[in-house]
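Two complexes come next, and they have one chain in common, chain A, joined by chain B in the first and chain C in the second.
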Partner chain A sequence: MADMWVEESQLSTEEIPVSSEKLSDLARRRRLRVGLTLLLAAAALAAVFFNVWASGAGLLYLYQQAQTFVTIFLGIFVEAVPFLLAGSLVSGLIAVFVDQSAIDRYLPKSALPGALVGATLGVVFPVCECGVVPVVRRLYEKGLPLSIGVAFLLAAPVVNPIVILSTYSAFGWGSIFVGRVLFSFLIAVVVALLFSRARPDELLRPVVFRAHHDACCNAHSHSPPTHSARDPLPGVALLEQRLTRSFNLAGDDFLEMARFLVVGSLLAAAMQTVVPQSALLSVGQGPVVSVLVMQALAFILSVCSTVDAFLALAFAGTFTTGSVLAFLVFGPMVDIKSSLMFLSIFPRRAVAYLILLPLMLALLMGIGWNLNLGW
Partner chain B sequence: MRLSLTLRFWRRLSSFDRTVLTALAAVLATIGVLLWRGDQVGLRVVAATPAGTEVSTLTALQVVFDQPIESTPEEIRLTLTPPVAGQLQVVGDRIAFVHAGLQPATGYTVQLEAGVRGAYGRALGSPLRWQFTTGPVQVLFTRTEGGREQLFVAPLPPAAAAAPSPARPLTDATGGVWDFALSPADGRIAFAALTEEGASDLWLLEPGGEPERLLDCGGNFCSSPSWSHDGELLLFSQRNTRDSGAAAVNPPRLSILHVASGERAPVFSDSQKLGFEPRWSSDNQWITYLSPDFVGIGVYNLETGAEQFYPTQAGEPAPWQPGQIRFLMNEQRAVGERSAIHLFLVDPVADTRTNLSGEEALVEDGAAVWSPDGQWIAFRRNITAGAGATLSKQLWVMRSDGSAARRLTSDPEVDHGPPAWSSDGRSLVYHRFPLKGPGIVISVWQIDVFSGVQRLIAAPGQRPQWLR
Partner chain C sequence: MALFTRPRFQQAVKALTLLGLALFLYTRLADGTLFFYINQRFLAYTVFAVVAALLIAASYRPGAAQPAAQSHANLTLGGLLWVLLPIGLGLLFPPQPLGAAALGNRELTLTPSQRSVLPAAVRAAAQKSAAERTVLDWLHAFSASSDPAQEFAGQPVDVVGFVYHDPRLPEGKLLVNRFTVSCCVADASPVSLVVQWADAATLANDSWVQVQGVLQPGEFNGRPLPVVVARRVDRVEQPAQPYLYP
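Our next item is the complex of A and B:
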């Protein structure tokens, strides 16, 4: 596993020679990946054809499923695009107007204060899980400490004024409202603290890492700043030029992130078409199973955190409080489309940790709540 | 071997990987500990009813949980002290104890033993115990005060009492009470209260509570409420003030109201269909109503939408026999050269009608009510010709097949109002309307069906019902 990470980093840097043994190993892994993908595709197709056969409606069923798929895809994509656009614009502005020395000056470098600050940054940047990704990536390129970025990435979709207000509108002042904000904050801080143990080259994709390294480490070593395409212009540049540049960078960011969003939305739509919501809900509503079901639902539905409280309200009467809370805490941190968008910042293993840690911590919270509080 | 492989793998991981995996293992272990400790909350009770004092003797006991119940009635142990015969039912997220009737003015303690299992794996951790007290048997009636009719209640006077117990007002409606209905499930009272503009709204009066507006009819005239037997739904008629003339005489249309949520809907899909004075069958699937369109009794199945009509000009509501799909109606008909009003037992499923008054009887029968067990009928009769003929209505009872008819009252100078059965089927309450003055006062009376002994309950007063 550790070797795999090194290999991936090396491949991306293009400058390091790779031995033929390693190349064959990589080819083998690629074949395995393609094989697994084909297997999954075959399983999905088998599920579709089984449903066609079971429904007895033939082509009409396929047509209805296709319509459902398109509707869900457009629903997720259209809902997320404005937030991604807003995030990209902020990212462009950060690229041009935020000086990395400001990050050095104003943000803490040690892990715990960094995690705490990162988890509350959403109050300043009210972004959902789609918009937060380009912002975090840009901030990392400006040398943002790892723990702050991870805490911001996970907490901002909930710990921001818009989502806090929408949760209050849906549930009012009570255990779910307080629980959502509190546990989102706590889980983000815990995950950020764990991620602070990582080296930047271990945690960031090579292209992000290089910019991060240039920003933080060159600044620390007092070497002259580099002015790559992503760095701000010198202070003498006109405001108009700087704005034009920030919009150009925002456009680049948007197009780059949109790839992940499209694929994520397609996957989420496919999952919802093949595994309908009713099937998941019928699995169980016990204190443990309900939490898993609602987490799976949150992951698959990929609903924007600004509106998910109203969706969760529909489950509040029938599902356990812990499971509704898990839906509201875990969903904004990780879902299908945001997981894919994480890949624009982090390597696969870090993304896997970013999924697993919030998943397990939210599961612990949900089960603990159900078995001990049950409010 | 396996251990060394694991150790080698562990050593090859970065410090970050080891930290994350350790954290995940710790979380998993904590989840394991939580699961091992098990459910510390248990099945949660959302509500246990009835509670408090002045509880209706009709009220079913009910415990509502936060999830559907998996235990069967046979597995559930619920005890009442003093004991009451009844049947346990499990319906969704609630356990109900249905009984034939509680004792009036009695304190009850209910205990539901622990162990009731919910569908999601939770169980009631400790016994649930609560208490309530039933109200005394009382008689509900209307009395006119200040030119407006209001609801009053009077307790039954002790057997040896010479004078009636003082009555207590229940309402102070601005325009007075138009009509009312008692819920057969729990003794709640729905009543139509007039407004000063000549419209009426529906109000609800819980036992021991204060009247609360149940439905704002928006300036229309709502009246003739009728409870479903489970006390959840209320049928009523609404007369629209947009039509010409006074609201109270405009064409009535039937609506149905879900009492808990306040949601309402018209009974018929055809908005032009008229109806009022509805009555529910015991299974809450059929209703009868007075149909001004058809001039008769309409019968409607709420589930299937099936309809039938039985012509009559008598204009009295048609009550259903308890536990049966049969109802009573009266109809004017010719007996020789004379006119009579006879009672009929109608079976809308078999589409049969049985004359209970007797084919040749020169009588005018009406205001028929079923005894609680459905075996007897109390009604008003005046004999129009021959021996015993009177101008005034007297109280009679007969069996459900029309046999064993006998007169309960025989005072030709008093008209006797519609009777109402006590829960034990032993007595009736009714009002007496003296036909000769001076100082005519309508008063509420009770009569023992077996001994014929009458006693005054309240004066003045009219339209009495048992409040249990």
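Our next item is the complex of A and C:
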């Protein structure tokens, strides 16, 4: 699985080719990419099949395992598609209707206020971890400061009215409810502050960075920006045409991100078919190991943040409070499918940090909670 | 490849892909098999997805707008294949709910552990008469008791579920199971009752049965729990809604 991860991320962070490249070279690279993609899909299926085969079971059992794999894969996909579509539609509307000078004017540029504002934006845009990705990418292309985007990306799946409500109805008023919202907010702010130390060109994929740069930093230059960022549609005034354009852009966003969603759902479904859940759950009850186990579970399950509170409830009696909290805080920020979708905004190295930093912070939080407050 | 990157062709491919996705979701919705994948409460979201996909597909119609100039827009052949993969797999494998094959690597839930459950669900289960209780209701009822094996002895049971022969069970016993799904099948977890039935071996894994009988004290894997001593076991059709919602 680890190999596949690396391969896929190489595929998806492909740079938009520089102008000096020959066309034939382009075609070759595209063929290579298609070939690798197919190979990858075959490898994913083969891994599942082989695992069953190795256990010495018959053909029928093999078919049933494949059926289980497909059902779980489609379950994750079908459940996430509406949210990704909604996020893409918002992204398309932002592209056409939001004037980027508004972002200049109303949002703070320095790191700390930016991170604080970003982490609360979810209250205005209630999105889950699938829907937030296209929105953040579009906002970056409109020149959104980096720290706001990162904080929004990480916090919005929890710090929004829908998820707060579902957490409340599952756990009621109490330490888990308060802890989830508070720590999601804090961890998002801390990670955003760390990211604000880096340069935008290190943190964004080249194609996103160019648009971001044109929007935020060329405002006073005399050469016209290449992406006509000031007024997205200079000649087009009609509402209907603008709407059509925003739907077009939404479709482009969706079709591009759906690829990452599919790969993420495939991986999550493969893990669930192959890795015995009971093995994971029986590993540890200690104050440290239990937190790691629940984080691993959150990452593998890839359940949408709008409902994971009900799922976590099932573990609340048997697992330490700190570990359940880590599940509820870490899962919405990063899981298999969302971290693959991050690759459409960030290069691989930045995505690695986006996974590792919340992982470490949520781990510290979980352990600290277990040791100080008992379990 | 030159054809593939031509704007008009791109528009058409994108529209058809979205149309295909909408159609796929709609057919699953129309024949009820959508609920093999997700919890009923997400129905509205899927309806929204169908409408949104159709709207976006329509926006690509020729002449509606200039092809988008901002270009992470071009769909490659590889990208297209990924997006079509769910539809392909969905058509290749006819829709089926999770069954015994998925039980192998999941934690069975049949002992009344200290696991916390929604208090409302436990109360609701307690109010139902014994004959109305599902497998999940029975487990909720067990969890409210300190010694369910004794407390529930003698109560009549009438439940529907699918058969699973756990390797830890002796001959003449089987598990009758349902999956509970709170969001989508990714979080499916099974609830099970041990059933004592002389002809247990004649029932294959995954066959759906209605079990009628009486609870008696018994054990599974060394832990005491109520066991259904079956009076009759009938094969039934797979229910339209195979999962239970916690």
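Just so we're on the same page, the second predicted complex is superposed on the first by the 303 of 375 C-alpha atoms of A that agree within 3 Å, B and C clash if a C-alpha of one lies under 4 Å from a C-alpha of the other, contacts with A are read in each partner's own complex, and residues count from 1 in each chain.
Keep this in mind: contacts are C-beta pairs under 8 Å (C-beta built on N, C-alpha and C of every residue); 3 or more make two chains touch, one makes a residue touch a chain.
The structure presented is a predicted model; accordingly, all values stated were derived computationally and were not measured.
Participant: Determine, under the contact definition given at the top, whether A:A46 touches first (chain B), second (chain C), both, or neither.
Facilitator: A:A46: touches no partner chain.
Participant: Which partner chains sit in contact with A:L313 here, chain B, chain C, both or neither? Use first/second/both/neither.
Facilitator: Touch partner of A:L313: chain C, not chain B.
Participant: Between chain C and chain B, which one touches more residues of chain A when both complexes sit on the common chain A?
Facilitator: Touching more residues of chain A than the other partner does is C.
Participant: If you stack the two complexes on chain A, which partner ends up touching A:P287: first (chain B), second (chain C), both, or neither?
Facilitator: Only chain B; A:P287 stays clear of chain C.
Participant: Taking the superposition on A as described, I'd like to know which of chain B and chain C A:V124 touches: first, second, both or neither.
Facilitator: So A:V124 meets neither chain B nor chain C here.
Participant: State whether A:A102 touches chain B only (first), chain C only (second), both chains, or neither.
Facilitator: Neither partner.
Participant: Looking at the overlay, does A:L255 come into contact with chain B only (first), chain C only (second), both, or neither?
Facilitator: The answer is second: A:L255 touches chain C but not chain B.
Participant: Using the superposition on chain A described above, determine whether A:V81 touches chain B (first), chain C (second), both, or neither.
Facilitator: Second partner only, chain C.
Participant: Show me the chain A residues, by the header's touch rule, that chain B contacts in one structure and chain C contacts in the other.
Facilitator: After superposing on chain A, no chain A residue contacts both chain B and chain C.
Participant: Can you tell me which positions in chain A touch chain B when the two form their complex?
Facilitator: Within the complex, chain A touches chain B at residues 1-3, 5, 190, 194-195, 197-199, 202-203, 284-288, 290, 320, 349, 353, 356-357, 360-361, 363-364, 367-368, 370-374.
Participant: Using the touch definition up top, name the residues of chain C that touch chain A in the complex.
Facilitator: By the definition above, chain C touches chain A via 1, 14, 17-18, 21, 25, 28, 34, 36-39, 42, 45-46, 48-49, 52-53, 55-60, 64-65, 68-73, 75-83, 85-86, 89-90, 92-93, 95-102, 104-107, 113-118, 182-189, 246.
Participant: What residues of chain A sit close enough to touch chain C in their complex?
Facilitator: 11, 16, 27, 30, 33-34, 37-38, 41, 61, 64-68, 70-79, 81-83, 85-86, 88-89, 95, 141, 170, 207-208, 211, 227-228, 241, 243-245, 247-252, 254-256, 258-259, 262-263, 265-266, 268-269, 272-279, 281, 301-304, 307-308, 310-311, 313-318, 344
Participant: For a test of understanding, state which residues of chain B touch chain A in their complex under the given definition.
Facilitator: Answer in residue numbers: 9, 12-17, 19-20, 23-24, 27-28, 30-31, 34-35, 37-41, 44, 67, 119-122.
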